[in-house]
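Below you'll find a set of structures to go through.
The same subunit A turns up in both complexes below, where it pairs with subunit B and then with subunit C.
== the complex of A and B ==
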């Protein structure tokens, strides 16, 4: 929505019209952009590109590359979805979502929507693939499993708005 | 168009708005346009309106079918993926630059608080991430000061930046550009003419300020005269005017709705409506933009379920929609809304900020455009900023309702009333549109606007751009999904002499950034042709002609 301040008078001509009084106060854009058309495909492509980039290192074995893909993907997902709070812009709703992580903001807190299901399933599939390609070696298994737990536990509905030991509360 | 509204020649801009199924253009030999011969479109026959993806069909009174095209073409999938990649690149660089600023390799140019040890920081650094790293790159196209009346052409003050848009310097020169960003639909943004002379006369009589609210000594006879004239113009019983358009919504919706009421508002409603709905304490349900099936479903679900925990019946249900949506350019499907309203006994609040004066055969807005009876809608709201060249807003409807609002509205109680010179400007404009001043200027402007809007849209579509919105609306947004391309278009168009407005995330959805043109009755064909030529060049340079629809090769006559 454009510069909604234009209701006052006709002096403003060239306005980018971002959130200058214009962010729809009803909807947090952060809750919706993961549902956009083509987003899931881009996400999968992104993981694939990461994997191919890691595969291009000649000194890493296939098992190491898969473990690295899994761990890096889970770490990045953890940081962006469960550590960073609030929105990267000043929201028009007086900071209601300032204390919520991005995961808690998706679809305005409604659980079990398709985006949440997709984001839960992706690390699980990655874990299965990694276990297969590392031939179920115990060391790789432990590392990958811990990474999976790191990224799956915060997604449980029981952990919605829960902060363990007061970490990351404010 | 002649004084009695009959078509003078063989081109009727209003009839052209309706492409008839039998291939004629509605003149049917007797040189009366379809709307004239149909009178007001029969409501019952409109009940068969379909809501297809590309065209909607209404049945006119003679069973003649009328198509309203409301296409919404989505950008292709590969473009959306590239758009996500572009945002990802911007974000990665944003984080990199923030890191460099943190380790002091790069100078922090944003405002930094000093001597505030121990205080809670005023702003979170993360909240200004977007402004710092993405908005800052393109903000030279925003907030540009102008130095003249915002008519068909404007003088924009030149700005130079030596540090990548963090600070600007003004060399003092101006650039003349064609104004396609101001909401100047009927071209009444003038600084000379009879309207301005009358305003000057009123200024000499009443001064500039009002000095009080409506409830105190702030009601002036000109305002009363304006309200009566406005009610006549709109075809309703009574009306009330306020000093600010945004405040009209945000202070009056709480007067009408309260806790226990339900407000059903369109997805893309304006921030003033959303603010007013929130302030009122009523429950708010949102339906998909212009989707009448979704609206009906929401009404039914809410009537059946009742209020949230108690499941009691709602005190009242108000459907709030707009006439023309300024970001989409779509026109609300009014006949269907009236049909739903009568079926489910809801109230309708119609915000005609952009549509009053801009559409309709006589310039009376959305009800005139569809030929509906203005008394069918409970509350008409509008602003005087767009087509009237003034400022302020109004609410119109039944006398009982307006009297209630006049007593209980927060705007009437606390806000200063509309200034007399502005009231005079609005009244002069209404007189011109109604033809009361004795000239045909009003009708000519309306016809010119309609002609300009349709010509501009059709030519843009023919060039291959993805244009959103109804074929008749003067708001023309073209889809440019990438925010970098939006910036390129706005900057290049400005250097070539066209002034436009761009909008991107988070104001619009992630992949539908757009550039918007506001066509005006004061634009001449040469100006529109120049704008189209410039857009053609830019479209090829920046590669934004995304439309996959077959382009017609016919020559579009003005």
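== the complex of A and C ==
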């Protein structure tokens, strides 16, 4: 039930045509704000800032810092995109997306949009960089790979609106 | 020097990387490329095949923009009133005694109310021309809200510019998609529209049947026991009217309160017809039964009936009612109440507060009228004796909706010719949840004298019998 009625694609068009008159379809801002101008760049800058902040600790080696960056980024992404549900504001659609995580709300459930591709590729790129800078050490590999799986599996279209073992269902 | 060493180390480790790792990275690179070139699609979009789409398009026939309406439909031939809708009204040129508008306390022609309306008109002009959030809030709105809250004995009141939208905006402001609302079957159309707008799960219980409500609550409690996680995020509401406009009877408030406390549901009461009517001071059904107003979560009412003003309000604790200042759609997105109407409502409130004898007069009139009407053999009266809203039907009425409506319309025409204004209760037949049987909705007001009521009852007897003899 939670994923049957996706917003009409017209809703997205109507956001841009809001000035053209008439009441717009109730659009969920959560579906659009990651597409905004400069979001991707801001996201990359954010990851960079995190990395630089971790690098400023003198007692952490380069490998540890990269692993920490990767793990912290993946954990934060997991919580914000795949754990928190609904919207932090009162939406005008009577709580239709109450049970959907942010990932499921992006672009109103359309799979393989640019934002979704971007958000899937970033952890992979981060994994490549981390593996390189940790010199392919096996311990770091295990930690980073688990973190990567944690953040890649929920993004598969097969996992759309799936809740394993009823966790986080309501 | 250090940098070069670092890079050389990095390069060496890349070359001597474990094989599984390189294989994994190769897989990931392939995944990324596949991802970049994959087309986007909507998950449930491909449910229909092309053939099914063609079939659906071929079998679709457009509905007419304007559906067929019979030429004698009542809405096409409205009766025109050319006077004040007070104790007497002039309908289509005939001066009639008004037994059909909801002027319970007779304030439409009250001199003080008229004077305050004119003063308000001179001070504020004719309209507010803005929603409450955009320069539409006038000091008199705030004064009326605080006076209403004071009158009802609660913390805060929210004022709406249209009585219908008070309850129909309030329900969807609190109840959303996953929630459950228990409603009486016989609620008015405004509540029904609010329920539809809320998108919640609606459970109707039989009109004024506490046992049926208990059964539904037990069923819900069962479901909650089986799925406690879902129950934790489900909100439950109970919506009833104080005095039902479609039936003229009063809700069994004490029993409903017991159930509310036992099963922990939020209770909303629509006091549209009970404000200014029930209770010694006109505070509605809560005062009528003597229960504490703090037990009710929210009371909604209109100012359009007894108060003879315009608009509606919702009142309760600040915590509950304040939410509507941002989420009540009728509050945020409609122009606010014209200030002169707020002035009229204030005057009506003051009048009742100073002297509640008019409410007592109304109650006595209702009981007198009820006893007169009960004695008419051809007429069956529905409604409480103290209710000003009474429904009249033929004693031996059939189940034929159209036929009964025609007979009642004939009664109304007969009465109008002889100077008594009655009205058939009208509904949007396709849209009502439980369409009541056809009836004449007779309204008793406080201005009627005993003699006038006796004569009205006589006239009603005559009308019903004459129509019976024709059909």
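The criterion applied here is as follows: the second predicted complex is superposed on the first by the 145 of 170 C-alpha atoms of A that agree within 3 Å, B and C clash if a C-alpha of one lies under 4 Å from a C-alpha of the other, contacts with A are read in each partner's own complex, and residues count from 1 in each chain.
Here is the rule we go by: a residue touches a chain if its C-beta (ideal position, glycine included) is under 8 Å from a C-beta of that chain, and two chains touch if they have at least 3 such contacts.
For clarity, every value in this text was computed on a predicted model and none was experimentally measured.
Colleague: Scan A:117 for contacts with subunit B and subunit C and give back first, second, both or neither.
Modeller: Once the two structures are laid over each other on A, A:117 reaches subunit C alone.
Colleague: For A:39 in the superposed arrangement: first (subunit B), second (subunit C), both or neither?
Modeller: A:39 contacts subunit B only, not subunit C.
Colleague: Does subunit B (first) or subunit C (second) touch A:145, or do both, or does neither?
Modeller: Touch status of A:145: second partner only.
Colleague: For the three-chain arrangement built by superposition, which of subunit B and subunit C touches the greater number of subunit A residues?
Modeller: B
Colleague: Can A:98 be said to touch subunit B (first), subunit C (second), both, or neither?
Modeller: After superposition on chain A, A:98 lies in contact with both partners, subunit B and subunit C.
Colleague: Looking at the overlay, does A:160 come into contact with subunit B only (first), subunit C only (second), both, or neither?
Modeller: second
Colleague: Identify the partner contact of A:89: answer first if only subunit B is touched, second if only subunit C is, both if each is, neither if none is.
Modeller: After superposing on A, A:89 lies in contact with subunit B but is clear of subunit C.
Colleague: Per the definitions at the top, what is the overlap between the subunit A residues touching subunit B and those touching subunit C?
Modeller: 3-4, 6, 9, 90, 98
Colleague: Which subunit A residues qualify as touching subunit C in the complex?
Modeller: Answer in residue numbers: 3-4, 6, 9, 90, 94-96, 98-99, 107, 109-113, 116-117, 120-121, 124, 127-128, 131-133, 135-136, 138, 141, 145, 157, 160, 166, 169-170.
Colleague: Of all residues in subunit C, which touch subunit A in the complex?
Modeller: 9-10, 13-14, 17-18, 21, 24-25, 28, 31-32, 35-36, 38-44, 172, 176-178, 197-200, 229-230, 232-233, 326-327
Colleague: With touch defined as at the start, can you tell me which subunit A residues reach subunit B in the complex?
Modeller: 1-19, 21-26, 29-30, 32-33, 36-39, 41-42, 45-46, 84-92, 98
Colleague: Of all residues in subunit B, which touch subunit A in the complex?
Modeller: Touch residues, subunit B against subunit A: 74, 77, 80-81, 84-85, 88, 123-124, 126-131, 135, 138-139, 141-144, 146, 150, 154, 156, 179, 181-184, 189, 244-246, 268, 270-272, 274-275, 278, 284, 286, 326-327, 353, 383, 385, 389, 391, 393, 490, 494, 499-511, 516.
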